[in-house]
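Some structures to go through are shown next.
In the two complexes that follow, chain A is the common piece, with chain B as its partner first and chain C second.
For the complex of A and B:
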């Protein structure tokens, strides 16, 4: 009974994730695309919950919906191109776009086809102990993740500083130099 | 039926012996799921129905309270005409809102315009479901409680942003931008303040955090760290709620009504209700994390006093604490003048955030050294 419902939930979320992903790439209104993206991310958070990884699901919603999608919406609002409807890209841009999309599709398809996914038996008990996750993130012994953790934090710091440098106002001291 | 009678037995037992075992409605449903699936569905349906009722009753109560309190702060009486002391005024207003015409602006994005208030109220309902009002009244008790509250809150921001954008109105857009920028800025400080209590309690689960305060609330026990975190959270959540010292997103002299300018009828009611319930949720979370939730006030050594305090049911404790915080938020509104936008951002990034980081470090040192009052026997 429980398994049936879990399976049904999985298919519901999987189907809506695929549909939302299609809506995301097919819509011509960019803000709607952001909203459908939110739906896709929410569905993947639901998958994490079904797999028993509640912490990951929470972080997924917090970071991707609360951070990335909000940032996207802000970017859309701040730029004037809020409608893609009138956009007629040039032939070169179209060809480049098709090439990029095709290349990405080929790489993804190859990666998916050449990988074997060993399905581990699911043992029912949720492995969502935040304390364990925290300890293994800061563990510098074998099997620890302290190096990737620190590398990512340095990367984020660099991105932060880069963002400030790009966004900061450059004070022009000499009014002649501007013209 | 057996599950219900054992629940009743535990309830009565808990009331007389003051030993409560917090069980959320979802856990209760999961327990009986294997052999009595209909009972489980019944529990869930009951929980959801109660939650909906709770939403409406709290919403109306807060709107009435806000109008009355605002009135008395200004030496007015507030609503007096409809019903005894205007008690039915809110019901009349709600009926009026529900039968009003639902206008969607001509060139607005209709889908998003309809979706935005739904997102806002959905986020609020999800947050309301985790509030541990009493040991028996908590709909879900996920083990990532604090993260859940923050995550769900971020969906509400999107509701506001999308609502403002899809109205096709520059005041709405500006209001939404201000609201969004303000909410995501102050969310950082609010989360930092919550993290301090997570550090002390050693858990993200709200029921465990409440239980960890049986010997004393974290605001007293954690020396200065708890008090600083409490005030940081209070200020940050006032800003997240767009309430008065920080109500620039709705500054009526500048922006008409902010992001909900173009909303009317039921959809406006959704935004309005979400805003008021968010105030309740923020107060309830502050009460739960800092003021012990439904735990009674205890002083070690004074057994007689403790017994009297324990005789008061946990629901009353929770209501008094949350109500007090809500009153404080309403009081803020008539005390502080509205900030300028640069003051608003300066307060967050140049004051609250550094204070929050230093406080987090301080709290970590306190915990490492074991320098907090009345540590719980493990």
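For the complex of A and C:
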């Protein structure tokens, strides 16, 4: 019974994720695309729950939907006074895009389906056990992730400073600011 | 191939789903002219890549958390990328008055 519900939920969320993704790339209005992206990310949070990674689902909603998409909406609103509203690609661009994306899909799907993965039996182990994640993020022994953890902290700091510097540089160059 | 015949979602179902999402994102990346639209498609691709890590974690190494940690790192990198990209777009808009990526063809403005 639980399996039937899980299967049904998988197909429902898969269908809505794919539909929202198509809407994201096909819509002309960029703000609507941001809303569709929010929907896709929400479906992905549902996928994380279905895969047994509840902690990641929470992270997904908090950081991706609450942080990144809101930032993107800010970016869109800050820039929408310029010619941003309609975005229709030419027919050549569209055909080349379909060829590339379709070709990528076909080649990768063939490679996937001709590969035999060593699938292990799943007995309901939590794959995002918060305690385990915390311990391996601060584990400096073999198989630990303390160095990547520190590197990602420095990367976030660098991105923060870089964002301020890049956005500020033009203000200094602005002739009105000098006079 | 036989794994795909069953209705219950298995490894191949999940992988095909994320592959489809990634391909749609690739199409958007190639066809969008608006810089923010390109960024949105990139987010879609990053998200399906993070999902792939968790799928392989679930089906090939249950009991370990390495795939989840990779997904967390991908989300952190995506956040950093959006911050920098947004700053660049705002600077470019002030400088060139456009967000069309096809018009941004010089490194030295």
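Everything below uses one rule, namely that the second predicted complex is superposed on the first by the 124 of 179 C-alpha atoms of A that agree within 3 Å, B and C clash if a C-alpha of one lies under 4 Å from a C-alpha of the other, contacts with A are read in each partner's own complex, and residues count from 1 in each chain.
Just so it is clear, a residue touches a chain if its C-beta (ideal position, glycine included) is under 8 Å from a C-beta of that chain, and two chains touch if they have at least 3 such contacts.
Quantities reported herein were computed from a predicted structural model and do not represent experimental measurements.
Enquirer: Figure out whether A:14 sits in contact with chain B (first) or chain C (second), or with both, or with neither.
Expert: Second partner only.
Enquirer: Is A:44 in contact with chain B, with chain C, with both, or with neither (first, second, both, neither)?
Expert: After superposing on A, A:44 lies in contact with chain C but is clear of chain B.
Enquirer: Counting residues of chain A touched by each partner, does chain B or chain C come out ahead?
Expert: C
Enquirer: Is A:55 touching the first partner chain B, the second partner chain C, both, or neither of them?
Expert: After superposing on A, A:55 lies in contact with both chain B and chain C.
Enquirer: Kindly classify A:117 by the partners it touches after superposition: chain B alone (first), chain C alone (second), both, or neither?
Expert: Once the two structures are laid over each other on A, A:117 reaches chain C alone.
Enquirer: I'd like to know which partner A:74 touches here: chain B for first, chain C for second, both or neither.
Expert: So A:74 meets both chain B and chain C here.
Enquirer: Once the structures are superposed on A, label A:22 by its partner contacts, choosing first (chain B), second (chain C), both or neither.
Expert: A:22 sits against chain C, while chain B stays out of touch.
Enquirer: By the touch definition at the top of the document, which applies to A:96: first (chain B), second (chain C), both, or neither?
Expert: second
Enquirer: For A:152, using the defined touch cut-off, is the partner it touches chain B, chain C, both, or neither? Pick first, second, both or neither.
Expert: Only chain C is touched by A:152; chain B is not.
Enquirer: Take the contacts of chain A with chain B and those with chain C, and give the residues found in both.
Expert: 55, 59, 67, 74, 76, 78, 82, 128
Enquirer: In the complex of these two chains, what residues of chain A are touching chain C?
Expert: Residues of chain A touching chain C: 3, 6-7, 10-11, 14, 17-18, 21-22, 24-25, 30, 33-34, 37, 40-41, 44, 47-48, 50-53, 55-56, 59-60, 63-64, 67-68, 71-72, 74-76, 78-79, 82-84, 87, 89, 93-94, 96-98, 100-102, 104-105, 108-109, 112-113, 117-123, 125, 127-129, 132-133, 136-137, 143, 145, 148, 152, 155-156, 158-160, 162-164, 166-167, 169-171, 173-174.
Enquirer: Would you pull the chain A residues touching chain B in the complex into a rising list?
Expert: For this pair, the touching residues of chain A are 1-2, 29, 31-32, 35, 38, 54-55, 57-59, 61-62, 65-67, 69-70, 73-74, 76-78, 82, 128, 130-131.
Enquirer: Applying the document's contact rule, which stretches of chain B touch chain A when the two form their complex?
Expert: Against chain A, the touching part of chain B is residues 33-34, 37, 109, 111-112, 115, 142-144, 147-148, 150-155, 157-158, 161-162, 165-166, 173, 176-177, 180-181, 184, 187, 202, 204.
Enquirer: What part of chain C is in contact with chain A in the complex they form?
Expert: My answer: residues 1, 4, 7-17, 19-28, 30-34, 36-37, 39-41, 43-44, 47-48, 51, 54-55, 57-69, 71-73, 75-91, 93-95, 97-100.
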